[in-house]
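In the two complexes that follow, chain A is the common piece, with chain B as its partner first and chain C second.
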Partner chain A sequence: MTTITTPPTELEDVRATTATDKRRVQKKELWRNRGLLLPAVVFLILLTQIPFLTTIGFSLTKWNLLYPNDRAFAGFDNYTSALTSGDLWPSIRATVLITAFSVTLAVLFGLLFAVLLDRQFRGRALARTLMITPFLIMPAAASLIWKYSMFDTNIGMINWVLRSLHLPVVAWSTEHPMATVVIVLTWQFTPFMMLILLAGLQGQDKGILEAAQVDGAGAWRTFTWITLPHLRMYVEIGVLLGSVIILQVFDPIAILTKGTGGTKTLAYLLYERAFIGLDVGQAAAYGVVTVILTIIVATIALKSVFKVFMAGGSR
Partner chain B sequence: MLANKRMLALGTGAVAVALTVTACSSGAVQAGGGSTGGDGGTVTLKVATVNNGQMKDMEKLKTEYEAANPGVKVNFQVMEEGDLRAAVTADVASGAGQYDIVTIGAYETPQWGANGWLVDLTPALQSDASYDVNDLLPPVRDVNTYDGKLFAVPFYGESSILMYNKEVMDKAGITIPQNPTWQQVADAAKKVNTPDMAGICMRGKPGWGDLFAPLTTVVQTFGGNWYDSNWKATVDTPEWKEAVGFYKKLLDDSGEKDPVSYSFNECLTALKEGKAAMWADASVAASMLEAADSPVKGKMGYAHMPVDKTKESGWLWSWNLAIPTSTKQKDAAIKFVKWATSKDYIKLVGNKIGWSNVPPGSRTSTYSIPEYKDAAKAYAPITLDVMSSVNPKQPGVNPQPWVGIQYVSIPEFQDVGNQCAQLVADYLANRGTIDDALSKCQSIAQAAGDKHKK
Partner chain C sequence: MNSPSSTTTSNRSARGALTTLVTWVLVLIFFFPVFWMVLNGFKPESLASSVDPTFIFKPVTEGYQLAMDRGMAGYLQNSLTAAVIATIISVTLAIPAAYALSIRRVKNVENSLSFFISTRFMPLAAIVLPLFMIFKTIGLLDNIYMLAVVYGAMNLPVTVWMMRSFFLEVPFEIIEAARVDGAGMFREIVRIVLPLVLPGVAAAALISFIFAWNEYFLALLLTSSAARTTPPFLGSFVDGRGQFLAVLSAAATIAALPVIIAGWAAQKQLVRGLSMGAIK
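Up next is the complex of A and B:
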């Protein structure tokens, strides 16, 4: 670091630069900065806004792949049919419920495992790696593993345990489709939450914990009064990211329940309209409606959720 | 608070983008790596196919083809029936040209041929005497012909039959007649049903090609059908109610415990593992139950598909190889299709994999190969018998305005069948009433039928 001193010879120059000049220089700099950002902005627009505009375009078209020659402008017909078909609201309900249950359970289990893994013990690195594995498995593969190895009524492990305990066999996909999907998602996303919360736990100032101990706080008190408030921010991030990912969930539904029993999420509904109904126009209309609703709901819901968190402590 | 707001905006933005992308472009899920045309270099053929045993054997044997045709590489994309149908339809309809050879059902061939999506294979096959196109089984050839042109070649053909474990039936003192009725089968299933072994395994997975393949034949033999001869939907009729009610009772009394998870492959496993005593499904399953590695080999009995009011209720289905017009390597694709459906291929499967794994129901000559006759003696005669006695022009009690048995050959049917299958699945799982399911299904079917009224 060198100290910048203005040599006396340049004093005149300094005096000569007027306010307008300064603004010009600033403006120039601003444009240069913007120019540097331009490639990223163009990339962003290409990747996000153009597909969205195309979707809007499709949604105003009468376009069913089964009738390739019958393609025309449809106005808002697709929106009318999307809103009145009666498929949309159950689907929103399914999406919200599945996301809410899965995220909540994943956070709770994640917290539990994070606390356990925060201690020092032999083989901690190995345990941590093993714990993360479910999140690294492809969602479709995870669903298949659960379908055959866990839920199956003949060869599944859950039913094997139930049978050994002389309890009735449970037909998961048929009788409890929602629980089936939530269980798979919770299993998959617990490691994700655990990782985030573990990072939070390990970033905790040990001095504060020691101080609490000196003040006579027990383990439970320390946890609820010091660790949990500290983790608040990490929980928020986990919930936000988890919700964003699980909102689009598709694989367990396609593989386990096929959208029956209140598990037809928006993503699966869109898939059905686009790839089974082959109605591109209607599928696009569903997509646009979904985006609008999601933005509204997400803004309101997340804001109120975070207000609850904010009330807990000061930041 | 500021940080929170920014995070919020970021989050909602991400949701919006993600959903938009899902909405408009999930078709690209399997995209990437389109076939590369070869100018003297390697030709890569991309084949989309269904994950049934016979198709997987073809994948295993592709090395033989590659060895015999240097410079040609064959890539297989094996999918579940429903996924295959969705992926291939989207690809072919949009002309994306991702696949050079597609596996399609008898349901699609005439419709896609009419749309001009498939290469007419008649000239290429007829000009080749060694291919012997007239050896392809006539009924199966007929369902793949539109306007006198053969748009797809059968890889295998099938009907549906009743398969049962003879040991279990003998122990219970039950004889299954050659032409059983559904009531007889339901009674027998109930008798042999135990906590460890289901009396019968029937498809319950929601999907028109899953649940509704056998269920439509049940409806048809109970006197119902999807449409009458004027394309008026007839789903809310007493015949449907009786048939669907019967199907549910059959499953409740003696079926597998988790029907929503069960379709062809799951039932096949259950039969092999001795977890189900009977199974009414595609006749091609018999060859898998009699395969060398099957635990129930030689213990199975076979009968015609059970009936109620009709004389036969087996379906007629074939999986076929076709070439989309969007392919860039038509000649190489035709050559592969000819190889995979040739007499020599049948012998190749017999010699390399096993005679009971030979794709049945495609060629008449298959049934006169001594090794096959010997290996398939349990089910080959009945398969041929059923396939020649079913009537795709009028499978049910009343006349119908389309040709085909367990499907309606209109483009909307997969959507109609799929939605109705979900409604019926809710009824099977006791989440809704039969009247509710059928009346909703009726209006869905009627909307589709209206487009075809003359």
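Up next is the complex of A and C:
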């Protein structure tokens, strides 16, 4: 094993010749390989694709659980009423703003911590372990802890600090609902971005950095001219994955603001319409809008990122 | 000649020490809410809910007892069942799929991979209503096994992508050698490939467990009492009255602990799981 080192190109050749030699077996093997993939694909189609198509069906139906007998095809009524009722646009706005603010802040803080924790120093492993914890904490628990032990006007630590500095106390979830949600999401997603960017920093070519130093480039110039362009791909992956997750955000809304003050995201609006308003058709329309919004955001982010995924994925 | 260079070195080490200090201060501020949660869980309620914070006190387990009195053990049991079954489902289905997408290539690997990735990006909001209606019709609403099956589907794409990235690292010579020796496909997977990618399988399983354990939206909508998991139980504290910070902190600590331990254990593989194998 260790004596023979085959270059990767030769490996591909081995595979290619074995494939052509076994042309007769090939077809059979192809089906067997598909068979390996099939259970996973069928399972996903049953549990995600079919329900999604059903959601589209629901969204074209007039269907309120309070009047179960009054169920009929409604065309695009649910969509037009969503547009005219004045719920949809504020909700799209809330979803996009919360996602944009949280992802941007998480990337900035994540970059700061990644750079700080990429250095060698005493207890670096412990510092990293502590830093990833906010991402691991159950989101419902994180929102609750922030709501009561951080933001609360009486017992919250932020307000204790403000009081100690003789500053006015802030009722975060009612005075600044958007900031409240964004702070908690930023706190939870900073470690996520940090991990991705840290991997990027560690993947840097040390030779280039040394060469830059020899050429007399200062730390700041090396960072902005060499490190940041190198990190671009990692930032893109982080932004894409973070955006897609936060676009669906529900937990902090349900726990911190209950959708008040311009924080009613699409997921929370759907929950309200379906499980409090019992309007299945209308709620399904919001579900479909969520998908459209995700597709728009993902396409923008995915265009460049997908190439990276594929480049990293094919050998 | 000697003195300027020594001053720059001492300057540099002073700056290094300062950066380290700043790093630690920022890390500790960032970690503080977690630390505060754990601390509050061990305080008597009167101290936890006091306006001026207490840092030094005699720890009590009153909060933990109160959390258990609220029936937390049952919710934890449900969470465990859902997360474990979801992990078994996604790992079992992902192993052959990842194998077909890496070692034994199917045609149009890219198409299959984009299918998985687009499924991962499908918002849960887009599928929850039909699932609710179907489960309600067949009488399986508020059933922990059905929730586990849905979580299995939710985690499958990530598991496939992540495992594939590990499978791709298996040296092809080893598989060739096994095939020359006449090992069948099943033997090849179980005897040759799996032992080599076991750390990857373990990491994928941990990631799957974490996502299922922490999930709130589907749990809230698809369960009500018998199958209720920990996140919606925690969420119910929002409607609470009176002082409850100690019991809340204790409950949150118990709820978060398994995943924190799992995440710390899988720290090295975490980034690969979160980036679906794109970053190693």
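Keep in mind that, in the parts below, the second predicted complex is superposed on the first by the 244 of 315 C-alpha atoms of A that agree within 3 Å, B and C clash if a C-alpha of one lies under 4 Å from a C-alpha of the other, contacts with A are read in each partner's own complex, and residues count from 1 in each chain.
What we mean here is this: a contact is a pair of C-beta atoms (placed from the backbone, for glycine too) under 8 Å apart; a residue touches a chain by one contact, two chains touch by 3 or more.
If you're wondering where the values come from, they're calculated on a predicted model, not measured in any experiment.
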First (chain B), second (chain C), both or neither touched by A:Tyr271: both
Partner chain(s) touched by A:Arg34 [first = chain B, second = chain C, both, neither]: second
Touched partner set for A:Gln213, first chain B, second chain C, both or neither: neither
Chain B versus chain C as contact partner of A:Asn154, first or second or both or neither: both
Partner chain in contact with A:Ala298 - chain B first, chain C second, else both or neither: both
First (chain B), second (chain C), both or neither touched by A:Ser85: neither
Which superposed partner A:Pro139 touches (first chain B, second chain C, both, neither): second
Dominant toucher of chain A (residue count), chain B or chain C: C
Which of chain B and chain C A:Arg122 touches, first, second, both or neither: second
Chain B versus chain C as contact partner of A:Thr224, first or second or both or neither: neither
Shared contact residues on chain A - chain B and chain C: 48, 51-52, 54-55, 58, 147, 154-155, 237, 244, 247-248, 250, 266-267, 270-271, 274-275, 283-284, 286-288, 290-291, 294, 298, 306, 310, 315
Residues of chain A that touch chain B when the two form their complex: 48, 51-52, 54-55, 58, 65-68, 147, 151-155, 169, 171-175, 177, 236-237, 240, 243-244, 247-248, 250, 256-261, 264, 266-267, 270-272, 274-279, 283-284, 286-288, 290-291, 294-295, 298-299, 302-303, 306, 310, 315
Chain C residues within the chain A interface of the complex: 16, 19-20, 22-24, 26-28, 30-34, 36-37, 40, 48-53, 89, 93-94, 96-97, 99-101, 104-107, 109-110, 112-117, 119, 121-134, 149-150, 152-153, 156-157, 160-161, 164-165, 168, 172-173, 176, 185, 210, 213-214, 216-217, 220-221, 230-232, 234-235, 237-238, 245, 248-249, 251-252, 255-256, 259-260, 262-264, 267, 270-271, 274-280
Interface residues, chain B side, partner chain A - complex: 1, 4, 7-8, 11-12, 14-27, 82, 86-87, 89-90, 93-94, 115, 204-207, 256-261, 269-270, 273, 275, 411-412, 414-415, 418, 422, 425-426, 428-429, 431
Interfacial residue positions of chain A with respect to chain C in the complex: 1, 4, 6, 11, 14-15, 18, 29-30, 32-34, 36-37, 39-41, 43-44, 46-52, 54-55, 58, 112-113, 116-117, 119, 121-123, 127-142, 144-150, 154-155, 157, 160, 187, 190, 192, 195-196, 198-200, 234, 237, 241, 244, 247-248, 250-251, 254-255, 266-267, 270-271, 274-275, 280, 283-284, 286-288, 290-291, 294, 298, 306, 308-310, 312-315
